[in-house]
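Just below sit the structures, each encoded as structure tokens.
Below are two complexes that have chain A in common, paired first with chain B and then with chain C.
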Partner chain A sequence: MRRSPGPMDRDLALPRYGLLYRLFGVAAAVWITVVLVLGFLGPVPNLPILEQSARNLYFHVPMWFVLYAGAIAGAWHAGRYLATGRTVHDVRSEAAWMVSTVAGVTALVTGVLWSRFTWYQGTGLWWSPEPRQNMVAVQLLISGAYFVLRGSLDRPRQRARLSAVYALFATATMPFLTYVLPRRMASLHPGAEGNPAFSQMDLAGDMRWVFYSAAVGFLMLGWWLYTQRVRAKVAELRAEALAPEAAPVSVVVSSS
Partner chain B sequence: MLQTADTTIALYDEAAAQASSEQPAQGLERIMLADDKLPVVLGVVLIVWIGVLTLLFRTDRRLARVERQLDERSA
Partner chain C sequence: MDWLAGTLAVVANDARLELRTRVALSGLGLFVAASLVLVRVALAQGQPSVPVAAALLWVVVVFASAVGLGRAFVAEEERGTSLLLQLHLRPSQVYAGKLVFNAGLMLGVVTLAALGFRLLVPVPLVAPGLLAAALALGALGIAAATTLLSALVARARAAGPLLPVLSFPVLVPILYPAVTLTISASMSGSWAEAQPDLVLMGAYAGLLVSASFLLFEYVWRD
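Then we have the complex of A and B:
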């Protein structure tokens, strides 16, 4: 792609985002549009308590999938950064954490709204004692501290190294706080008390395929947003490397 | 569908005063008024989604342009 592969190029090497990438964007756009139509108009069993809000399954649960996928990608690139020291892995790790954390906040807030008018109808209870909700709030504080840590460090290599280590720790708490502990406690949320979250019994046949499609669609959207952030950050760093006099002083001082 | 139109509507909007739920819905109305007007919400959500998609595609195009310029300058 680049004609003069210097050390900077290898440090920030990205794949070419060409025709295939554009086709992927079109596919994700069409895919989610179809999911939206099916999600609104497709049949749901209309059970008591849930009623039509069962359609939230298509939009609330895929946010969890994006949260996990982003955290796994973030931890992977944190590990790759520590192994190789290549800046591109730090950029990828941060972008994946950002997408993951935004999806996590969306998942938490949509869950609060959904449960307020179903399980806690008539109680006026916005913040419920639901264990998963509370554990996820703790996890999001841990995830959010990643960005506080990044913001507090000026030297790029130190920032990249420390936040990579922190990202690995923050990912290590995720399965326990969002998976193991909520299953050990009594809760109305699917997946409590040792039950699998998506058993044959829990999901009506009509809804199953829309739900799977929604999960795939939002994972595609998450990857799209992630690559956009990576490309923008890499372009920024390449521009700084081309014109160091225009870069912030801290960047120039620390490039020893 | 729940209430007949309020007569004060005529003071504000002559067109809305003509609204009627008496005759059977036809054409587009038959689609949009089904399921307690849920398709209207779908329409709004799709319009918002198209707006978000426009921004996503425009960001893609802008990134491609910046990457091309950087490739030319660093070549």
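Then we have the complex of A and C:
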């Protein structure tokens, strides 16, 4: 039986995920499985130095897309929070940043591993002075700072407001960090300085469709993780508001 | 012009307060001096190459900014005067005033750091004008980045190194062109080559100031 909407529903509406969402979850799982199987077993052109590590393309690059999507979603919801004050936007912003951070860590690790066994084969180097690598590290510092800031603030509304401000401020600097600066620096990275990247001629036909599917699949997975986290967090906050585990003498404050 | 008068009043107030006791100013100056001496001691007999010396200079400047620029807003919270500021002035005036004050402070810091470096860690200097431009733009950019974040940290009343943690990633797009220009000032000193970096620093500082103006109200008003 559906009760009438109360004030909490305006502030912290529980996202309603019905049959379509569940089907989407199944589809995402199947899609990613197929991508993984094809990624590891499918044919890749066996180029010198690159060899089988070319498969990393299916994982490294889509992580970058998820990182960007997460950061933009996080900034969008941060802006909505400052405009409307609804807690659900703060929850969404935090979930988006979390997905973005996970993707960023994966992008960094896959990038470091890839460069170690290709560009730095035989040198024993782990960390290269590769600009994009450094910029992802800086982006991860921003993510880390966002979560440190959230952790240091106790009052929920203040925490939401100040972390939203930081999210917007830091995302405003992202185009400089990830786009403008790397173009100014010498780089071996594909796509920089005219190095081959994604054009028709550069990406082998064998790999092209798996790569596109991987990009779509990881974006689907990222979105699914994000919505799961949002729903869990909103449910937790609603439960706390309705039946807080407060000490007997303290005053119940749902959001100060 | 009321807006301008209010802004200048904030600047004058901060300047008067800092000059009255001089504790914060001399503390910051001593921090820069101590960092320079530490660098010299850590280098022992070694003579660093031009890129390393440039990197060291800017690292000292960035750390000095983290230590020195937080005071603008924390002092208001400590003295309990932030409510007075909220009542009398618009948020944009408070931000602009603090920004101008911090910019002045940073210009002092970079001057001190650069002079100290010339003395303690001498490297060839072909184009002093280019170095001065890099230092000035760097100082303005750092002030632009740090002022909003210091307001955020002051509101958060958080302990620990929160301001460096928040500001260092945002300072990277200032740091990289600044170091490039500093190296160029020591080696070739070509203004034509330096133009993209100078424009980049100016553009980034402009971006930070615009974003801060838009966001400051949300930090300032509880």
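The rule we apply is simple: the second predicted complex is superposed on the first by the 235 of 256 C-alpha atoms of A that agree within 3 Å, B and C clash if a C-alpha of one lies under 4 Å from a C-alpha of the other, contacts with A are read in each partner's own complex, and residues count from 1 in each chain.
Here is the rule we go by: a contact is a pair of C-beta atoms (placed from the backbone, for glycine too) under 8 Å apart; a residue touches a chain by one contact, two chains touch by 3 or more.
What you see is a predicted model, and the numbers here were worked out from it, not measured in a lab.
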Checklist entry - Between chain B and chain C, positioned on chain A by superposition, is the outcome a clash or a fit? => result fit
Next on the checklist: Under the stated touch criterion, which partner chain does A:102 make contact with: chain B (first), chain C (second), both, or neither?
Outcome noted: neither
Checklist entry - Between the C-alpha centres of chain B and chain C, what angle is subtended at chain A's, in steps of 10°? => result 140
Next on the checklist: For A:224 in the superposed arrangement: first (chain B), second (chain C), both or neither?
Outcome noted: first
Checklist entry - Which holds for A:161: it touches chain B only (first), chain C only (second), both, or neither? => result second
Next on the checklist: Just to be sure I read the superposition right, which of the two partners does A:173 touch: chain B = first, chain C = second, or both, or neither?
Outcome noted: second
Checklist entry - When the two structures are overlaid on chain A, which partner does A:72 contact: first (chain B), second (chain C), both, or neither? => result neither
Checklist entry - chain B to chain C: minimum CA distance in the overlay, Å? => result 31
Checklist entry - Where on chain C does chain A make contact in their complex? => result 148-149, 152, 155-156, 158-160, 162, 165-166, 168-170, 172-173, 176-177, 196-197, 200, 204, 207-208, 211-212, 215, 218-219, 222
Checklist entry - Which of the residues in chain B end up touching chain A in this complex? => result 35, 38-39, 41-42, 45-46, 49, 53, 56-57, 59-60, 63-64, 66-67, 70-71, 73-75
Item to check | Complex interface listing, chain A residues touching chain C | outcome: 82, 135, 138-139, 141-142, 144-145, 148-149, 152-153, 158, 161-162, 164-166, 168-170, 172-173, 176-177, 180-181, 184-185
Item to check | Residues on chain A engaged by chain B in the complex (per definition of touch) | outcome: 1-4, 9, 17, 21-22, 25, 29, 32-33, 36-37, 40-41, 52, 224-225, 228, 231-232, 235, 238-239, 242
